[in-house]
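Listed next: structures, encoded as structure tokens.
Both complexes below contain chain A, partnered by chain B and then by chain C.
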Partner chain A sequence: MGNVGDLGAFGAWLSDGANWTGRYGLLNLIVEHLALTALSLLIAALIAIPVGLFIGHTGRGEIFVVGLGSLSRAIPTMGLLFALVLLLGVEFRELSVLLALSTIALPPLIAGAYSGVTTIPPSIRDSATAQGMTTWQLVRHVEVPLASPSLIGGLRIAFIQVVSTVVLAPLVGLGGLGFGIIQGLALRNYAQVTVSSLVIIVITITGERLIGFWQHRTKARLTPLDKLENP
Partner chain B sequence: MEWFLANWSFIAGLAATHLSISIGPVIIGAILSVVLARVIPLRFVPPTRAVLGAIYAIPSLALFVALPAILGTKFIGPTNVLIALTLYVITSMYFSARDAFAQVPGAAVTTSRALGMSPRQLLLHVELPLAIPGLIAGLRVATASTISIASIGAVVGVRNLGYLFLDGFQRKIPEEIISGLVAIAVIALAFDVSLWLLGRALTPWRRLTVRTTPVRSSTVRRG
Partner chain C sequence: MKLTRITALVASVGLVLGVAGCASTTPSSEPIVIGSQAYYSNEIIAETYAQVLENAGYTVDRQFSLGQRDVYVPAIEAGEIDLFPEYTGNLLQYLVPDATQTTADDVYSALATALPAGLTALDMSPATDQDSYNVTQDFAQKNNLTSIADLAKLKDLTLGGAPELAERPYGPKGLLDMYGVTVSFQATGDTTVDALVAGQVSMANVYSADPRISQLKLVTLSDPLGLFLASNVVPIASEKVSADARALVNAVSAAMTPEDLVALNVRSVEEKLSASVIAHDWLVSKGLIK
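After this line comes the complex of A and B, so read on.
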């Protein structure tokens, strides 16, 4: 440990009640951080999952998915956030940031839903159709359940992208846990910087592990089907 | 466009910093990934996967400023950014390096052993060349994401292309932010094409037979 001498400073910072409460207190920033992340993922999922399922089901617009994937790979999320907030307007900051974060979450979610549907073995879809399932039943009872591990995998990547960008929200005038880093760096209050970064790290890894666990559970539930398909 | 033309030498300077901060981590990270992929025994693969997966998820800005508490480095400046970027390269390239070596046909390895090759010869003349397609595929992904993440270094005082985002936002010049986005995309694309060509040049035998290597697109990280 490098700055062992600073441990006292962290303790002092943490035990000062003033750092926990108020508009920019740790508690408020944690809530804001989680709300921004969850809301933007929700907005993105409402758009991306139907689009991905539709493209996977019909096979129409596959080029769109591939193009979106490679385009999004070359564009830094930081620049995207700043450009979108500036162009959408700084008057409705919260809305602009939410829309920017949702945009960042779209490509992995669409890709997850799309690849989940396209990797379903044709024999399963065919037998569902042969049993007289309507298109809606096929989507609802066959494609969505079988695509869910890949879909949740897309959510995991989207979560990582969004969380790493939410940290930059204070740079465009919002709060969230990145605030402690930005303010701390400006004021050279390094105890505040370190505490904020550690809280961010703990929250992110916990969230990522929870989604990973959910994906694992969903996949395990489908394993018997896998064995039927490739004994 | 006008803004870009009026400030192109300024942008070129930032691009130079951007490159110098990205290239080192990519090279060192790639070498470490290959070494780790070779030396970590099978039973330590799951814990390695867990640790690297966790590091991969950490937001870059948080990692930049958490490193000083662990390593005793300064908060502002390039050191933390270089270390963090190297870690991110390893988190994505370690897995593709393992896959790349796993794809080497077993017959090639056993034949070379039967011919009396030493483990070193086997690695240098058989396994490494045959793993190149997978290694290059992983390197392309890691390079693109490193160039992209490096821009966040601007927040901790590394004046690279990410500075255009901060400055453009504060001064309300959308062209400045877009210039930064385009410059980063162009650099990433140039590296991608160069690495693809390098991969082709290093594997002349592949042009005779068509074989595709799956790319782990899910390990792309941008921010």
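After this line comes the complex of A and C, so read on.
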């Protein structure tokens, strides 16, 4: 405890095994933080990617996509979280947290899928149709592969937003690394607050870099195709 | 109230900066700056101080909803706030984390010593708002519970409360050491009471002046061995608060009973009245203002 810059307290907190194990130990909280993030992204992706692809493919509901960007900034996540818990009941607090987190992940994912499809050169789509591809084949073999770098870019933004918002989960009785921050602030245990924050930062940067790498590789795989188009 | 704790915390940083700015630009007739926590009940108490002082001709500057202690205690210490309604036990625990006093008088005198120079704890009120362990009426009847000690015979108890309860002296460790009660802890945060009613936890830490205790017919377990620190309402005053003003605030504290405080909270929660209306009606009923 004590001063923010107290490195001794920082080391003492880390070297105390009791802070690592148990229901609210650091290890458990890290796993919970990652699980909440991954599940929320999965739920959001299952909804957002088909919707984004559909809008990009048909051109229907484009205004919806434009409004989406500003909407995502207008959602008060904490208010939504409490509203969902009150609405669904405390028995479903996990579901409430997942739904609230999925909501903030939807806009970047939809936008990523949508813009991935709309930026495909019309000549490619036309030649696919000219070869006799059905709509499903066009989507499956042309649009999805070509849209994937943009789609993964959307996932990258969604990940950053979700992984940093999971911090609110302890307010409604779940864990995650926000627990260490909220408990540490109340106890004025700044070593605990610092460790929890640092772990969140490391997870965020690592995850963002990994998704960025994936995006880069997906794009690189498509490069020969670009060359084909502009020899 | 607590639901907006984080927002209030963020907003209050701005407010505190605002207070700091104002202090230097108002040289004429210095108003008494009254602060309050971002907790509706605390705001009502602060409002009673404000109105009784205004009634006596003082100028008052209300700086309410200043978040939690981490934000406002430094502001009080810096002399930016002159008068603040506090709670003896909780404030003592903030200033001296390993304080061992539990009775009302011991806590009050320990607090007087622990306060930084320039700050005084005025008379404490009989009104309390302190941690307490509560169970549902069903659970209490089924297991014949009236005191925390009665829990010792039960197994598989889960205790719900704010995350910090896990580490508090009166948390799981205190329950085991003092009463031989074994509990597993579940951090239920702001949904503690809901979790208790839904049966997700068997007992919950709820502030004793919380209207939901009577609304939901919760049973507050007595604490014969003094596990909890007594936490009476106590005004903290700076040197800028004159002896006359202190006497007025002390009269408010003396008049406020624990039942009064619960009743004030009930009016806020059930009738959705503003702090100023609730405070005014109460002061009139006690004959403290006309």
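Here, the second predicted complex is superposed on the first by the 206 of 231 C-alpha atoms of A that agree within 3 Å, B and C clash if a C-alpha of one lies under 4 Å from a C-alpha of the other, contacts with A are read in each partner's own complex, and residues count from 1 in each chain.
As a working rule, a residue touches a chain if its C-beta (ideal position, glycine included) is under 8 Å from a C-beta of that chain, and two chains touch if they have at least 3 such contacts.
Not measured: the values here are computed from a predicted model.
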Touched partner set for A:24, first chain B, second chain C, both or neither: second
Partner chain in contact with A:186 - chain B first, chain C second, else both or neither: second
Partner chain in contact with A:172 - chain B first, chain C second, else both or neither: both
First, second, both or neither for A:210, with chain B first and chain C second: neither
Chain A residues touched by each partner, larger count belonging to chain B or chain C: B
Partner chain(s) touched by A:220 [first = chain B, second = chain C, both, neither]: neither
Touching partner for A:82 - first (chain B), second (chain C), both, neither: both
Partner chain(s) touched by A:91 [first = chain B, second = chain C, both, neither]: second
Partner chain in contact with A:42 - chain B first, chain C second, else both or neither: neither
Shared chain A surface residues [contacts with chain B and with chain C]: 1, 78, 82, 85, 168, 171-172, 182, 185
Residues on chain A engaged by chain C in the complex (per definition of touch): 1, 23-24, 78, 82, 85, 89-91, 93, 168, 170-173, 175, 179, 182-183, 185-189
Touching residues (chain side chain C, partner chain A) in the complex: 3, 5-7, 68, 70, 94, 97, 160, 162-164, 166-167, 184-192, 194-195, 198, 200
Footprint of chain B on chain A - complex, ascending: 1-3, 6, 69, 72-80, 82-83, 85-87, 104, 108, 111, 153, 157, 160-161, 163-168, 171-172, 178, 181-182, 184-185, 190, 193-194, 196-198, 200-201, 204-205, 208-209, 212
Residues of chain B defined as touching chain A within the complex: 53-54, 56-63, 65-66, 68-73, 75-76, 141, 144-145, 148-149, 151-152, 155-156, 162, 164-166, 168-169, 172, 174, 177-178, 180-181, 184-185, 188-189, 217-218, 220-223
